[in-house]
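Below, subunit A partners subunit B and then partners subunit C, in two separate complexes.
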Partner chain A sequence: MSTHTKKILNGYHVVFLAQSAMIGSGILTLPRELSSVGYSQTFLPILFGVFASLTLWPMVWLNLKYPNENLFRINEILLGKGLGKILNVLIILQFTLFIAGIINKYMHLIQSTALPEQTITKPVLLFLLLLIYIVNGGIKSIARFCMLTFFLTIGIFYFTYWAVQKGDFSHLFPLFNFNGKELFEAMGKGYLAVLGYGAIMFYFPYIVDQKKAFKHVLTGIWISISLCFITVLISVMYFSEWQLKHIEFSILNLLKSGELSFVERFDIIGVTLWVFLILTTVAVYLWSAKEGIVSLFSKEKKYYIYVLTAIVFLIVRIPFPQEFQDKFFTTVNYIAYFLIVWPSFLSIIYLLRKKQVQP
Partner chain B sequence: MNKKILLFTTLIGLTFLVGCSRAEHKVPLEEIGLAGIMAFDYIDENKVQLSVAIPQHSPGAKASTQVFSVPTELLSKGIVDIEALSDKKILFNQLRVVLINEEFARKGRVERMIQHLYRNPEPGNKVLIAIVKGSSEELINADYPNKPDINYYINDLLLPTINTAFNPNTNIHDFIYTATNPVFDPLLPIIEKKDDKLEITGVALFKNNNMFETLTPEEAFIIQDLIGKKKLAPLSVELNQGHGKESLMLERVKSRVKMKSNKNIKSPKLTISLFYKGTLVEYTGERENDLHSPESLSKLEKDINKQVEEEVKKTLNKLKELKVDPIGLSENFRMYYDGKWTKEMTEENISKLEVDIQVKTSIISTGTLD
Partner chain C sequence: MKYKLVRTTKVNMQYKKAPTVESVLAEETVKALREITNHIQDAVFKDIPTKEGMVTIIHSNSLVEKRTLQEVVLVPLCNHIHQIHQLATPVDLKEFKGIIEKIGGGHTLLYFHQTHQLLSLNTYSAPTRTITDTATESTVIGPQDAFTESLDTNISLVRRRIRNPMLKNEDRILGTESNFRISILYIEDLVNKENLDTLKQRIDKVHYPIFTDISMLMQSIEDNPLSPFPQYYMSVRPDSISQYLLDGRIVVFMDNSQAAIVGPTSFFEMFISIEDYYNRWTMASLLRMLRFFGFFLTIMITPTYISALVFHPELLPYELLLNLQESRSNVPLPPLIEVLFIELIIEVLREAGSRMPTKVGQTIGIVGGIVIGTAAVDAGLVSNILIVLVAISALLSFLPPIFLMSNTSRFVRYIFIFSAGFFGMYGQMLAFAWLFAHLLSLNSLGTPYMTPFIPRKATDLLDSIVRFPTAYLKNRKGISRAQKK
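And then the complex of A and B:
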């Protein structure tokens, strides 16, 4: 199989890997996360895009210094074997929990809309089996799946036009009537929706044209950012501020706003199609976590993926109290921010220890 | 070797664990009752009479609709009670209409009930809401000899049509949107049973989550016009501008509304311009025989402008007195206001509002006869 030859990802693969890893469960609730700034949230996705582009730069810069290593190896090189390994274990753990969080959130949505009278054990199992299948194919198969997913699901956005017809354009008028604290809260909660581009640090060694990787990932980021922007824009037009704050899954309600002559409840179709978007995001993370274990034990074994998936399943299915679950996953999510700023920190270490750590 | 052990353990596991699986009870389609109408009647402060109408599809059924009715405090408790009465599992995926009787609308907790439906993922967002004069339970139980099924009848009645252009067609989303948006007050159509048919007789105006005042269809028509509804209903005008009593009908081709505020909430001023473009379909009155020249038509246009201006002004003055804003006129001020807008500000704004109305009518033809 092609997984063992190193350089396998072309430009398109990179674009869609970056794009799909970003669009997952976060965008479903994005307008609510941003609701502390009210109608002014429209411009926030653009701000996120600028942030993402800025933080991407040190990632690619660092990777270009070690074109054949991923972040796990770079950690070991720059921080020393012991410290690097401890950190890698933490990253793997964080990814596993992060995956569980995403699946948990999506299954919660599915349970309350499409399958109100069933437990979610079976859907989660089927989801994880499919996930294992995709990830077993290696990063190239994930990238291809991402491309497929993008074109399968992009159509959903067309069906938000009902909401545009009903919406009020005057809500978009920029007022900036919020204070710093509200902005900070919105940024903190909302930025989660655009995480995921950081995975470049793990599949970078597989990219054929590494010089152009920055440009490709940037394209992916801005595709995702524009999707987030459209979602937020339409939500702001369609909802009142109270609704923005209280509706959990705004996309669901946007899709609910109209009907086709032959499909009455488009929201159910939309939500179930969304599983593809969740699959791509989770697949990228799972693959990255697997790479982490490979670097930890310095050898490749097939069962790593199965073990990781089993852990994810247990976390999703263990009946923690809801309150604990919410707190737990929120904390895990915030740790994800660490990965965004970590490369900048590593870059500084690289500059300080330049002589000792030549690859 | 390894694989054999794995297979073996799996098989043994499966054999013995089979007994642990529990058959999930799923309701077959024949045992589902899809509710079409839900109605609320006021009993007292805490209690409400909940009625649910379920269309019957079995060919053997004599009546086309089955109606259940229970008194309840909680909406979901009422639904459980109704399920106990019914032979079927009741689902709300096909809910089309929510009826609220006038007393409940005036005194009850309407917003809580609608919010419950809005929270529930089962009903779509397109469920229409209407106020019923009298008892809504009686209304759905009544006999309508010309109509096969009350479920479809009320739904069709409430759907947008040209002839009931004054109907705000409020659905669940619209109600929640206007109730929670500080610059709006909700509007709901009122239906009434007259002999053996139903009629939309007016529009109910809400304020602070309760019904507050009724508007006539004419007033409601002007409000819909100012909201800028895209649907072009024919405009009927009773002229009274120095030529005796005249009446005419204008079939509109294009209509547009533009609002411009002075952005000052201390002394709010709003300029509303209305453009109508249409065909003069019918006219009776003094000038019947000399409407052939462009000059006489432009004179008529001016008279129509004046008349419509007066009517719009009258309606707006009424809203001003009531301190309600179903049109969302205050949105023109909110969008320039740097701060949080509240319901009180809307009230204050509308009571102080000065409105300048400019109507521009243009008659593009008078039909094919000269």
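And then the complex of A and C:
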């Protein structure tokens, strides 16, 4: 029934796959997305962590019922072939657009800081070629790359030392000076930064120790949440409320505060090193989308990845006006929330149709 | 030669006196043997009268030393002929290919005229080099002997270090045209059987006419032959090879090749010198860090110079930037061309230095150091800061004890230079990501190349960038997947 029986991912792989898929371009703008609640945003990442843990539970529960199937197959089993396939196409489409959104955002950042005199065509092409190279190695290669990325990029935090030094501790006092609407807005915008743990539903069949997968993914989630928390914490200390609202890439400004005698603008190194984080996130999504196409046609072909990447390239390079692009990608991002709650619905369907859909 | 002629005529005369059925048959066989071996020009035929009648001995003059022939063949033949029958192995007279192979392999064939029997004795005693110290992997502390080009000498050098009955060597004949011997060494109760089977399968699949060095064999049995990184450890030091054998690795020797290869290995092991274990652990750790981080520095220094000058001048503090610009004020070339120019000059110097006869080689130092170094700056072709950077990165590239890795680091540097030249720091980071993605995807005999970064065992970390004191290093490495801990 299933072709995915090869178990290759151990505990560490799962931890870092979950962790790296979450940290991508979202965290760069997180303080601004949360700025509607002002200085009280400090505790929001922790709230996100609780939410993530809660929504993770139905995902793993459902996957444990079908240990050899990914979400695409589970959709087909639970909803029937036709409806499941339509839904899968939508998920693949959403992933492709999501990938394009992440790359688009990062490339514009690169263009505005590191490569102001070039168009982004060639850098995007190079990025996508590397992405294909990584994804072609399979999920285990991606997992290894995620582990390495974590250890390679964690050093960036050292350069926020000066920001902490210059920051004001008193900004951190919880004032709760916001209303429900503002909180809702902040949560709606900010939660995007911690999406990505949902990819567990696609690489779950490859995990060796599936019983412990929940614990491993949870570890990954909380590593990422603590990174987000530290980022928000330092931003709150360093910036004024006005700055929080208006500085787009606040992490860059944190890095700029560094004072080394031999490097003036550390933020350029930081932004370019960020390509590792973008690569890991996008690689996990692209791999999942590829798995989706495989389940759609029930055949494994090499060219799926090339086709997907070509589509991503076209979306990134279509000359839409900036406002439209922003709106478009934000809408796409909101659809991603659907994927987080979807497993809960599926679980209910599973409970209702339990007898008919025994694996 | 003259002596031989006289002898044969005498013998012929003897036969002519009393021609029997046997003597005619024998004469025809010898004639046939001569015809078979007619293209081995140094094959010598000698007829020797013994107690069992006439015996023709055939051997290759260049592969068999006269003294060995005397001791092994002639003395027993004339005095204790029963010894010959005990020691020699019979050869089928009808199988011509086998006969030629025996003679070509340094054996001596004995043809007994009366019994019409062909025997062979191993008298291979081709001239070999004496054991000298190594020129390529020298150390200050530790044994100085190195392997030679003779397979038997090499194996004896290992066996005298590991007196373990479980140390096995398996011979294979390789090279579809050249037919030479390789030997696979391993310790039977340690080696991972899966690894051993993989390696044997790969060696059996090899079809190549001739290997003139083991590095060629290495390239045809690697996991990823297209990668710029060597996926086997290669050494000419018996102490280092023995240590790997005791760790449960598999070693392959080849006749006529000085080095031996070890598998599986990891990226990090390319930066380990056996001297690290002879040094105090503190100094050894420092040197290891230098070599390991030196690899990343050597591929990053000059590309960073390019991206800082072309794309991100704001990266540098004002004074440093001023300095740089001042030193470049006379240089007409853009930084990318400037770096490529001087890097290629270094490459040319290195290549010329290694190809030239030693006596002329000294001139290269003077030409390279003074003329190109100082004069290029004075002439305004390159900036003097770049000269310093290139010199440092060239020196750093020679730090890895494995020369193949040092070559690789130089090749990888060009990828970084070009990506920095076109996309600045972003290009450099992309190249960096490629490098890691590539290294992570590599395997050596099926085990990940990036151990101990992805440790298979926690104890691996005790012998990684920091070399812990010897008392902690009792465990075998996780990468060898040895049968015993």
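Operating definition for what follows: the second predicted complex is superposed on the first by the 354 of 359 C-alpha atoms of A that agree within 3 Å, B and C clash if a C-alpha of one lies under 4 Å from a C-alpha of the other, contacts with A are read in each partner's own complex, and residues count from 1 in each chain.
Following the convention adopted for this analysis, a residue touches a chain if its C-beta (ideal position, glycine included) is under 8 Å from a C-beta of that chain, and two chains touch if they have at least 3 such contacts.
Note that the coordinates shown come from a computational prediction; the quantities given were computed from them, not determined experimentally.
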Identify the partner contact of A:175: answer first if only subunit B is touched, second if only subunit C is, both if each is, neither if none is. first
Look at A:348 in the shared chain and tell me whether it touches subunit B only, subunit C only, both, or neither; answer first, second, both or neither. neither
Pick one for A:259: touches subunit B only (first), subunit C only (second), both, or neither. first
Once the structures are superposed on A, label A:273 by its partner contacts, choosing first (subunit B), second (subunit C), both or neither. second
Just checking: does A:239 make contact with subunit B only, subunit C only, both, or neither of them? Give me first, second, both or neither. first
Looking at A:112 after the superposition, I want to know if it touches subunit B, subunit C, both of them or none. Which is it: first, second, both, neither? first
Partner chain in contact with A:54 - subunit B first, subunit C second, else both or neither: neither
Please indicate which partner A:125 is in contact with in the superposed arrangement: first for subunit B, second for subunit C, both, or neither. neither
Tell me which partner A:86 touches in the superposition: subunit B (first), subunit C (second), both or neither. neither
Quick check on the output: what are the common subunit A residues between the subunit B footprint and the subunit C footprint? 118, 264-265
Applying the document's contact rule, which stretches of subunit A touch subunit C when the two form their complex? 110, 114-115, 118, 122-123, 126-127, 130, 133-134, 137, 141, 144-145, 147-148, 152, 261-265, 268-269, 272-273, 275-276, 279
Touching residues of subunit C toward subunit A in the complex: what are they? 311-312, 314-318, 320, 419, 422-430, 433-434, 436-438, 440-441, 448, 450, 453-454
Under the definition above, what is the set of subunit A residues touching subunit B in their complex? 38, 112-113, 116-118, 168, 170-171, 173, 175-177, 239-243, 252-253, 256-257, 259, 264-265, 267
What does subunit B use to touch subunit A in their complex? 24, 26, 93, 121-122, 124-126, 173, 176-178, 180-181, 184, 328, 331-332, 334-340
